[in-house]
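Pasting the structures here.
Paired with chain B in one complex and with chain C in the other, chain A is shared by the two complexes that follow.
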Partner chain A sequence: MPIRRDIGSWAFALNRLTAIGLTIYLFLHLIVLGRLAQGPGAYDQFLALTENPLIKLGEWAVVAAAILHGLNGIRIILTSFGVGVTRQKQLFYGFMLVALFIILVFTAKMY
Partner chain B sequence: MPQMWNITLRVYRQKENEAPHFDNIDVQVKPDEYVLDAVERAWAFHDATICFRHACHHSTCGACGMRVNGVEKLTCITLIRDVVHDGGTLKVEPLRNFPVVSDLAVDMGHFYRKMERVSARPIAPVAEAEIENPPSKWDPDAERAQYLRLSDCIECGLCISACPVMATTPEYLGPAPLAAAQDNGIQRKPELLSVVDCEDGVWRCHSAFECTAVCPSFVDPARRIMDLRKQVVSARLGKLFGKA
Partner chain C sequence: MSQSASTSYAGPRPGENTWLWLIKIVTGPLLLIVLGLHLTVNHYMGSTATGLMTHDDVIQYFQNPIIPAIEILFLVTVVTHSLLGLRGILLDMNPSRSVLKIVTWLLVILGVSSVTYGTWLALTIASLGT
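Our next item is the complex of A and B:
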């Protein structure tokens, strides 16, 4: 954990953690899609699992991670090309506020 | 009688073949002294085997960089009162992302070689200095502009220690070398293009801006890395359209 570090290290850690989470999800997703090859019955059986609260929480986490990672990535792209370099902290806080808002809206719609 | 504080200096210790550990050393310091003074007091009056780097004591040589309470500082200009209180504990550790030679001293060799790879300039013409709000009479063509000045980067390595990307990718050129490449300019030194436009070059930076946060010399490496990216794109586009 980037204790006592500047906000940039937290942004870096957030991007790495969400990236690892999304990569793991991608593999799980491909495994699940592989069940399609075993016929509709096997796939439907898996889909029934999505009503499980833990799986639902996992789905929520995937969407939240994608939003955080995506918006943080836009910040990096902008600063990479000279946009907001001197205001990078505000840029990060701004994008994270937008992310929080989207996540809250998504949470309300999901539950 | 100047005000004295009693503090505990928690010093990182690691000698050859020895497991790293911390020594707690009680020292009396003046709050307006610097962290380096506290380390020197510990060395002079308590344990002469403490190994640390220092030379100029006025933020020019860049030798005394350490982590003070977890954050990179040039200890010769870090006031004790800014980082600890009377009766408190002051933790000093060696810089991260460098091999520890002994205690607080690290091997900077690999870093210096990277600075050489980008032909880092120890001095540069005054006319090329980035000066905020230059005086109205500033004339870069005037005779005085022919003078040279020391480069801002003192090669202290604080940015290398603070950079989270360096911690995961030791091959990464790092903030100071990339800032030095920007200072040279791709246009002036086209051979730098292949050095910085590669897997472990300018694109490896992840915009954490920690280098700029800890730089004691106002080099602003993060901004320079962003500018270097523009230089690289411009040079590549120029080559693509035959302008190089």
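Our next item is the complex of A and C:
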């Protein structure tokens, strides 16, 4: 884990935290989808929960984490192959601005 | 950027197989595409304005054979990417060789089980409409 709290450390931590959160969500999602095999009653009853504001907030967090992780990931791939290595800070800020914009659009559509 | 973060991003970590690292890197952008497709279809198609929000909608959607195929591709990609990523995070904690071997096997078992279960589920959902 990063010790110096500069922007690189935050980028590193953001990648790790979103990765762990998304991995936990992935397996919960797979388990919950098992209700599809149990018939309409089980699945539709579960989907009614998505109207709960807390569940909705959780869904928002998953999508926001996926956008942040995805765009931060593109930056990592670029620098791993030698692209923009000397401009990592600018790349990070740029990708995070794009992420913020997409999250805002998504938030407006969701609520 | 800090030295620690820059070097972590430069390529495979110590103990990380280059091929496994490359698979993680390749599945990343592939996931962005397939996830975008997955979210768009699940939330903008179906009988309601909010997407596939009923059991019947999902069953009907799965009747097109390309759909279970895409969902299974998505499943394999996302499970592979997430478990290789998880292994990468664990590698940062400098585990011993024996611990790493156990962790790797546990992740392989988890990955194979998840893909098997997900594939069964996708095929079961598709069969419910026939």
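Before moving on, here are some points about what is shown:
Methods note: the second predicted complex is superposed on the first by the 107 of 111 C-alpha atoms of A that agree within 3 Å, B and C clash if a C-alpha of one lies under 4 Å from a C-alpha of the other, contacts with A are read in each partner's own complex, and residues count from 1 in each chain.
The definition used in the following text is that a contact is a pair of C-beta atoms (placed from the backbone, for glycine too) under 8 Å apart; a residue touches a chain by one contact, two chains touch by 3 or more.
All figures in this text were calculated on a predicted structure; none of them were measured in a lab.
When both complexes are superposed on chain A, chain B and chain C end up clashing with one another. Applying the stated contact rule after C-alpha superposition, one finds that A:80 touches each of chain B and chain C. The wider contact with chain A, measured as residues touched, comes from C rather than the other of chain B and chain C. When both complexes are overlaid on chain A, the residue A:70 reaches chain C alone and has no touch with chain B.
Once the two complexes are overlaid on the shared chain, A:39 sits against chain C while remaining clear of chain B.
Looking at the shared chain after the overlay, A:8 reaches both chain B and chain C. According to the touch criterion, the shared surface of chain A, contacted by chain B in one complex and chain C in the other, consists of residues 2-4, 6, 8-9, 11-12, 76, 79-80, 85, 88-89. Those residues of chain A whose C-beta lies close enough to touch chain B in the complex are 2-6, 8-9, 11-13, 15, 75-76, 79-82, 85-86, 88-89.
Only residues 1-4, 6-9, 11-12, 16, 19-20, 22-23, 26-27, 30, 33-34, 36-37, 39-40, 43-44, 47, 63, 66, 70, 73-74, 76-77, 79-80, 85, 88-89, 92 of chain A touch chain C when the two sit together in their complex.
Residues of chain B touching chain A in their complex: 69-71, 162, 164-165, 206-210, 213, 222-223, 226-227, 229-230, 233. Within the complex formed with chain A, the chain C residues making contact are 1-2, 4-6, 8-11, 25, 28-29, 31-32, 35, 39, 53-56, 58, 78-79, 82-83, 85-86, 89, 92, 114, 117-118, 121, 124-125, 128.
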